[in-house]
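Two complexes are shown next, each including chain A; its partner changes from chain B in the first to chain C in the second.
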Partner chain A sequence: MKKCYINGVGCVSAQKTFGEGFLDEVIVNKDNNVLEISQPDYKEFIAPAAGRRMAKGVKNGIVASAMALKEAGLDQPDAIITGTGMGCVVDSEKFLKAILDNNEEFLTPTSFIQSTHNTVGGQIALGLQCKAYNFTYVNGAVSFESALIDAQLQIDEGEANAVLTGGVEEAGEATMHFLEIKGNIKSKGQTDYDVLTSTSKGSVFSEGAVFFVLSGDKQQTTYAELKDVAIYNVLDKDEVEGKLKDFLKHNNLDISDIDAVVLGYNGDVDFDGYYNELAKNTLSNIPQLYYKHLSGEFNTASAFGLWLASQVVKKQYIPSAVLINSIEKKEYKNIVLYNQYKGKDHSFTLVSKC
Partner chain B sequence: MEALKQELKEKIITILNLEDIQPADINDNDALFGDGLGLDSIDALELIVMLDKDYGIKLSDPKEGRAIFQSIETMAAYITENRTK
Partner chain C sequence: MSGRVAITGMGIISSIGTSVEESFNALIHNKPGITAIENIQTIHANAIKVGEIKKTNTEMEQELGLDADNNYSRTAMLGVLAAKQAVQNAGINNINEYNTGIISATSVGGMDMTEKFFYDYFDKEESRKYIDSHDAGDSTHKIAEQLGLKGMVTTISTACSSAANAIMLGARLIKAGKLDRVIVGGTDALSKFTINGFKTLMILSDTYNTPFDNNRKGLNLGEAAAFLVLESDEVVKKQNKKVLAYLSGYGNANDAYHQTASSENGEGAYLAMEKAFKVSGLKPQDIDYINAHGTATPNNDLSEGRALIRTFGTNVPHFSSTKPFTGHTLAAAAAIEAVFSVLALQHNKVFPNLNYKTKMEEFDLVPQTVLMEKEINHVLSNSFGFGGNCSTLLFSKS
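And then the complex of A and B:
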């Protein structure tokens, strides 16, 4: 397969992940079951006339993509590929509420138009006047990884050389409420929001947008090489280690070649055992990183994980806020990411120093 | 009529999410579309729904909208003459 480099990144999240610095100052959550994002100055990126119809998820996607493109020095990508599990839920909620409130009458077009999953990809393309390949993957917690795989294939097949790829999720008030009732989100007022020590079900949620410029060409801004991505819909806990070894073997690596692992712990007592399978056994002797205490959980939170891994490879250090153990390595050459949600949508991603 | 004009300005700002614009910034005779407030065809649909929902006016001929939505002045005059609620 052709090489695929991460040449630019943009991240809008519950932390200040734009501008200078790399998680030097973090907001540690103790009181909230849904984290608010750290808002960029949208007007720097979006003209008021263009932004007035956009919900925050669309704006965040546009800002994150603009940051990634700027960093990579790219005006026009050859493809725009987006992953989102829930899509533009704020406008969906607005439209559905209008149906109920007005007894199915007086329905306005704006929220309906903006409610589709591919609104973010479409608005990015409109802003750039980019008529290239534009695709949105809606595959639950592997939506972002699906987008990554497509981007890699586009580059490998020579269909595109520079691909804008990202994950976007939006927290709608009603949707968060429903997820709390369902138990996916921890209840308000609980005291065990800490991801690593939690003994309760569910997780702390949030939203965000993370975009990457992936390219077949290495350049000065390159963070890392995106080596491989693998997806498994369903795995038992005792299958995880074997699948990881297969994944590494496919990339001519074994466990001893891995310098750090980024795990998607989210504080759900029912499913964090999947991560323990690796953290307490096979990968117990390497630096272990977690991030959902900073980003919150959402379908494309793993894009925040890839942002984190890319930064570690480029900067060659791990911020203390994301360390699970105290093991350090002289060099962070190969980092593997493992994520799953409720025992489904498992993904392995491998990035390497280049 | 003046109260209606003020009401329309407030509604337009809220419904169309016109950030950074205050009712006082909109003159009664300013063009709402094109060079004036810069509204577009999607906004026109929002205004048509607003007329129906808030004033009981159904526009059967979309071409009528061009004249009605010319300015706050024309909108207020049309609503005053045709409103059913």
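And then the complex of A and C:
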């Protein structure tokens, strides 16, 4: 297997995750069930006329990908691979409402054109005039990890040397409302939004875009090596530890080689037990990190998790805002991430210092 | 990275049949499945024709033995029907015996239910079960659940090339040794959402679609699902399995021209075909039949035709679009056309491009319009989608 390095990152999220600093000023939510993102200066990246037609997901995707490319010093990627569980929700809602409200009359195509799941990947390609391989994965909480697996495969096959890959999710008004009445999003006005102490079902949602430049070549801007990614559609709680051990063994590692774990705790009392399986047992003696209290939950929130792990490996410290326990290590060499959503779409991702 | 990728099973449901055999019979007996729309209430009912599967959701729920409180979208049900056939056809009894994955494709996922219940969700609790079946991955999860598959499950959505990309990823995962076996394909149900979307783009024909005809008026939408079982050489040998055909090449490129329209010179399509040839080691002259994307929109057929001329020069092999049979089944199109490509190899037949009358004025390309028998060793299949997404698959005789 060829090596695969993370050479550039771009993150648009509910926190200030661009520019200088590493989560030293964070906004800890107490009052909202859907977090607003910290908006970048779109004008820096997108011409205002073009930006007006774009939904926020497309804009955030373009901004995050531009940041990652810039940091990696890359003009043209050899592949663009996007993950998005729900796709372009805002334009989909807009077009659907127009159909229903006007009984299929007086429709214009713009929102339909921009409603397809691969709009972000397509628009990034169009902006870069990039004719390379272009895929979009749409499988719930492993949409981003599917993109990572493909990106790593592209590099390993020698089909691509530098791949732009990321996850993007957009919060649409109706969709957020439906997810709330379904109980996937905690209700407005609840008082237990704190991720680690919550005793209710559902989670606090948000949106965002996180992109990475992965490359077969190490360079000065390299954050970490992306070692491996694995996904599983369903797992029972008692299978998680065994699967993690198999995953590490496949990478010639053992539990004792892991210096920190990034867990996808989201405050859903019904499903956070999956993370406890690792946090309270096998991985109880190493630094444990969480992030969805900062990013909110969404199908590609785990891309924020990888952004976090990459930063920790590069900067060799863990910001206090993401620590679950108070254990620290002298060196962060191997970090493993575990995520799942409602007991489905489990993923392990392994990054290492290089 | 080595070894061939064998196709050992196929399953399909579309407007021309609910099995591989029915589909083949329709293709060789000129029996298209384009009709008036029945299952969806739309004001465009008299202005469009569609490739609709004449089964109601209730009928499919019964066929699948689903509980009354199930939340299967039509997309998921079609997908389950086709995937089960494919697994059975491949003679798989224990789905988790080998490291098996499923890669599906869909454009709208559970939109068929969302558009029905969008306003009901606000006040009718019984409809809310469908909220969780909206996202594209839900249909794939349901297929995996019905097959009892535990492992790598993912979904691709790149508009009308989606299933080609699912098949491509499956093949690459097998070649890389990441999976031993993978079920690949796509599923898409007709929805008001897509009907109105294509209607606003003014690319829906009011009559039967006529690919590569100078007077073509646009496409007929269709619904379908199809899946292939891909297995590594090693697994095939171990089980002494019958191979239906090999997936010998694949390529994906982006046209980077326009969000919905294809470039005039078919750049993306040309690049996709070029990559597929490179992967397979085959040359353009090795191709005996092309199953074209051929949607019958003015833009696609011109762009694809130019790409074919760029790739094959003056010796474009026999080609046809089978969309006059099935309509354009969007994310499932490349999967059903993969099944047709394998059938072409197995039976040495070029399927006819129905409804063609007049040669396009821009070039001399004439599709094969009647069923033709010839030795077929290699088939090329194209699929292109919004977002500039262009994909080519190559199939070879076993």
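Quick notes
In this text, the second predicted complex is superposed on the first by the 354 of 354 C-alpha atoms of A that agree within 3 Å, B and C clash if a C-alpha of one lies under 4 Å from a C-alpha of the other, contacts with A are read in each partner's own complex, and residues count from 1 in each chain.
Quick note on the criterion: a contact is a pair of C-beta atoms (placed from the backbone, for glycine too) under 8 Å apart; a residue touches a chain by one contact, two chains touch by 3 or more.
Here the structure is a predicted model, which is why all the values come from computation and not from measurement.
Looking at the shared chain after the overlay, A:R52 reaches chain B, while chain C stays out of its contact range. Applying the stated contact rule after C-alpha superposition, one finds that A:S200 touches neither chain B nor chain C. When the shared chain is aligned, chain C comes close enough to touch A:F95, but chain B does not. Put simply, more of the residues of chain A are touched by C, taking chain B and chain C as the two choices. When the two structures are aligned on the shared chain, A:N161 is found in touch with neither chain B nor chain C. Touched by chain B in one complex and by chain C in the other are residues 105, 107-109, 113 of chain A. For chain A in complex with chain B, the residues that touch the partner chain are 48-49, 51-53, 102, 105-110, 113.
Every residue of chain A that touches chain C in the complex is listed here, in rising order: 80, 85-87, 92, 95-97, 99-100, 103-105, 107-109, 112-119, 121-123, 125-126, 128-140, 142-143, 146, 149-150, 153, 156-157, 174, 177-179, 181-182, 184, 230-235, 299, 344-345. For chain B in complex with chain A, the residues that touch the partner chain are 15-20, 38, 42, 45-46, 49, 52-53.
Across the complex, chain C meets chain A through its residues 1, 42-44, 106-107, 109, 111, 114-115, 118-119, 121-122, 128, 131-132, 134-138, 140-141, 144-145, 149-159, 165, 169, 172-173, 175-176, 178, 192-193, 196-197, 199-201, 252-260, 267-268, 271, 385-389.
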